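Listed below are the structures to be examined.
Two complexes, one shared chain (subunit A), two partners (subunit B, subunit C).
Let's turn to the complex of A and B:
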């Protein structure tokens, strides 16, 4: 008995160490590296090919640089093409993100705060409604939304893209969980005792406490709006209101229309310029989206 | 982006003294009201409107008339609709397990602490999520190209003749690859986030019981993240049935392989925006919405039942 325990002890200790402070594994690292390469290779391809002239695109190897380093030239051409329409699309995208994602975040913060900190009639109903809505395929709503908006005269205006972007059920849910955990009830009571109105309490006391959750929701609604394709596709006819996604697709489709000029180098460079702001935002704000997702999964 | 919304019990409102609560009974609506108002406009009204549209028919002669469920029976006998539904179902049973499997393996690998540079892995694998579907599809579309894509390069370099990824037989698999690329990192992060909150004491207890690493994964880690697995599965199902962006954008590169009824969603889109058949289009959209909800609900029931 004692001997067997003695023999087992070192093995147990080793196992304990391997689970709590495991040794690094070259094999596992190498295997995971395959997925890493898969994830990054297309982005590398995009960067390399944004440095090529249209001629080089066709006759140089895809994953290495061509004869000329034409990145700056491509960027200039992208920005100048068709009287600088790319800049216009960029500005539109920023407008949709600021109004759409900003508005969605604001509504989600207000709503999540209410659901977490007030007991009001119909509160359970709001919860059921929003959870139910997550399961409704967004595209099932597209056609009727388009028809409704066209009767209201909103199609082909920025409103048609901004208004549907204002609702983020996931954002509301995240803010709800976050508000419930980060705002102590006593603090609100104290503010009310001091005679602060509900809105003053919200803006001066609650909002600063909600900041980390707010940044997370803002980041995810920004991605959703920046990358949106289907909604603007059905709502907008006029290329002057296009966001970047729609504009890039129009440039690409131009090559296959009769008499259209092939501008693949501009499509590729434009794509690179489109993704850079979001990649930068994700890298700079890592702390927020990583903690935000953890938060979402805490509640089982 | 709608993710990880579990269906938990809502966090309770703080227990306030009765006396004060009564005075503020309706105050909560001031805060949640704006959300609900916009929600009604962009969610509830369109749903009601499409149900309304689906029971009418508009004709050149005779105008709009009530036809009951005629549009529905037409859809159920429509070969194009069934083709599309079959295609996205095939996509669902092949692509989703592959994507979630890879995501789970990577999440477990990063969580195991056995990798060099694990935070780099985490961020880099997640990056494609920030790339718009349009850019992802254009990039892969160019790489698939037999003219100046990587496929052409490989053919030239090795003197081989790879099959065209954009041919009718392969285009669905090529789309599957694009979708996998876009969302593997996102799902990985959901699984990883769930793994991080597993209490460390469980691992220590398992080590004392002499459990090996595989045993810990199957007996502790996987059951602990079942909720995240079910949620990721449900959102992948919704995504598969809604498949639209990738095939539409690839259409200009592969016009022969991708028809206007390639997926049910693409079919509904073509019906209304090229065919002006709004009533029938709304019907197809409603049927797809119902199919999605039934499948998602079934998966959720099964996932939750096993949890006990």
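Let's turn to the complex of A and C:
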């Protein structure tokens, strides 16, 4: 990583100058404000409209509150609609995230550590494979995966969503880089000299050092699994196994079905409830997130 | 034209299918009458693909009545999405459901490829007279009977009485009056339109149907497409004026804007199928009390001609491993108790028993200001003009409607030119598929 550090040096120096003599740029401030509004507007819209009744949704101005503050009503209805199927979808999503994202993170940590700290033939090949895999979007793999799972008889089961979620090439790559930089080889050597087995070295010495990277990968994979739409869409037929994304889409589709019950207010309230756990995860883990993103950008 | 012209053509249909190189596996044709009672007793598990919301209650009742039977009700998507999935499953020979909801316009497409079991030998031929004639015709293809009618959509004029009153416009009973009303509404309130339309295949074909047009002539694998007959011309001449004078709201049906327009009164009426009340009640709650239903406007004053718009059947795919049980469920869900459960849930039935029952006809709808809406809708079901046929590749045809006829709504193309282009594309596609196009 020395070459990349050298390349980044000039930029770092420039940053350093502006940090010691901060200049306020009206243009940058304005740009930042625009980005801020751009990022928050959908959330604000979502919250405002989650407080409206179905009638108000169409009658009142989209970016301000309607006549009735119906948020609690809407939440109650969302949770109760169709015998509380929203709760079931929520539980499914949590299952997919815990098993899928949790599993993906665990595998990424194991693999990244092994690739960074053990020298074995074929490491370069694995590197090329991982980098190549990062470039392939999951969407492109969904249909071949479906055909394969279909042959194995796994479609329409939770496994069809969990197993593909376990693979996170980007997470593996991130952990590889992180493990290479954050665990000094001397430390491992010392541990081995003191007679620690490989498992003990990994779990008691390396894992704590890897914590910031692990949290970062966990966040990445959690977001990816929580928002996963296309994969479950083609894998699942049974609404009892839907994650929230598919469930909300099914609710939305009711409005365009002859004889279907239009429930726009519940779709919107359901969407709000769906993003709350992600918001919480981000707010609670954001310092890890930040330190994860700046991985390797400064040489200590 | 007789009630069921297609039945006479069995021989050609079968020959045509072989010519098409499709596997005619014949479904349950050779098994003779199937004992559904013992199938129900024995039990088993079946999978049903449907999006119709009232089926959930039907499945619960069915499972309670026949405890040995398990029904997996799966919503694979509405309309086209489901047909794609079904077609894929049939091609793959894997994951085919035992029962599938198929709209009437799509039945011929699945029937001609022998993807569906003929339900006649399974007991469905005894159900003659159970369903109103429009839907009953629609589930026949060639000599086969490929589904049982689940719901129907005889058309009617749904209108917002408050808007018509406010603008001082009379509710039209003929299409001439309709055109005049469209002008009057838009003149009185530039934001208001009598209806919305940006090109909708189902709507256009239903309008041509009512006007007496018969653009599709299907005789086994001999298929004729002709959008120049009198009925079609009657429709295009009238509708073209609405388009030219910009009297139609440029809003697609089922969109958010559509629901908004229906609620705010900028879309004053809908000429649509009888399943609409449930959608209005849930999607346009603020219109409660304002909406009414009238007979579909007529081409001749005093006539009572209507057509079907939408509506779907339950069919049993030929690949179902348990067609006896699948049929037993289909019959339960579409007749007797099952039909009643669905009517109670707000669906519009296809069964004459429900359509003629005093309870059904006499029901006062609070949403429609206490109007006995079902009287009008059930009469519409009885007045559907006979002899309409859909193409054996109507799903494809409808998917290219907007590329051809849809142009009439956004450019200088006329409806007639658009229909000619649509006809052209359908003929090309049909020839490619091995049909004899005339």
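Here is the rule we use: the second predicted complex is superposed on the first by the 269 of 300 C-alpha atoms of A that agree within 3 Å, B and C clash if a C-alpha of one lies under 4 Å from a C-alpha of the other, contacts with A are read in each partner's own complex, and residues count from 1 in each chain.
In the analysis below, a residue touches a chain if its C-beta (ideal position, glycine included) is under 8 Å from a C-beta of that chain, and two chains touch if they have at least 3 such contacts.
Fair warning: this is a prediction, and the values are worked out from it, not measured in the lab.
In the overlay built on the shared chain, the residue A:101 is in contact with neither subunit B nor subunit C.
When the two complexes are superposed, the chain touching more residues of subunit A, out of subunit B and subunit C, is B. By the touch criterion stated above, A:177 is placed in contact with subunit B alone, subunit C being left untouched. Once the two complexes are laid over each other on the shared chain, residue contacts for A:189 go to subunit B alone; subunit C is not touched. Once chain A of one complex is fitted onto chain A of the other, the partner contacts of A:262 are limited to subunit C, with no touch recorded for subunit B. With both structures placed on the common chain, the touch criterion links A:39 to subunit B but leaves subunit C unconnected.
In the superposition on chain A, contact is made by A:169 with subunit B only, not with subunit C. Of the two partner chains, subunit B is the only one touched by A:248; subunit C is not.
Touch criterion not met for A:273: it reaches neither subunit B nor subunit C.
Once the two complexes are overlaid on the shared chain, A:226 sits against subunit B while remaining clear of subunit C. Shared contact residues of subunit A with subunit B and subunit C: 58-59, 253, 255-256, 264. Subunit B makes touch with subunit A in their complex at residues 1-8, 10-16, 20-21, 24-32, 34-36, 38-39, 41-43, 45-47, 49-50, 53, 102, 106, 109-110, 112-117, 121-136, 138-140, 142-143, 147-150, 153, 157, 181, 184-185, 189-190, 193-194, 196-197, 200, 203-204, 206-208, 210-213, 216, 225, 227-228, 234, 238, 241-242, 244-245, 248-249, 252-253, 255, 265, 268-269, 272-273, 278, 281-282, 285-286, 288-289, 292-293, 296-297.
Partner subunit A is touched in their complex by these residues of subunit C: 49, 51-54, 72, 74-78, 85, 92, 94-95, 151, 153, 254, 256, 259-260, 263-264, 273, 275-276, 278-279, 282-286, 310-311, 346-348. Interface residues of subunit A facing subunit C in the complex, by the touch rule stated above, are 53-55, 58-59, 150, 155-156, 237-239, 250, 253-264.
Within the complex formed with subunit B, the residues of subunit A that make contact are 8, 11-12, 15-16, 18-25, 28-29, 31-32, 35-36, 38-40, 42-43, 45-46, 49, 57-59, 61-63, 107-108, 110-111, 113-124, 126-127, 129-131, 133-148, 163-164, 166-170, 172-173, 176-177, 180-181, 185, 188-189, 192, 198-199, 202, 220-221, 223-224, 226-227, 229-230, 233-234, 244-246, 248-249, 252-253, 255-256, 264, 267-268, 271, 274-275, 278-279, 281-283, 286, 290, 293-294, 296-300.
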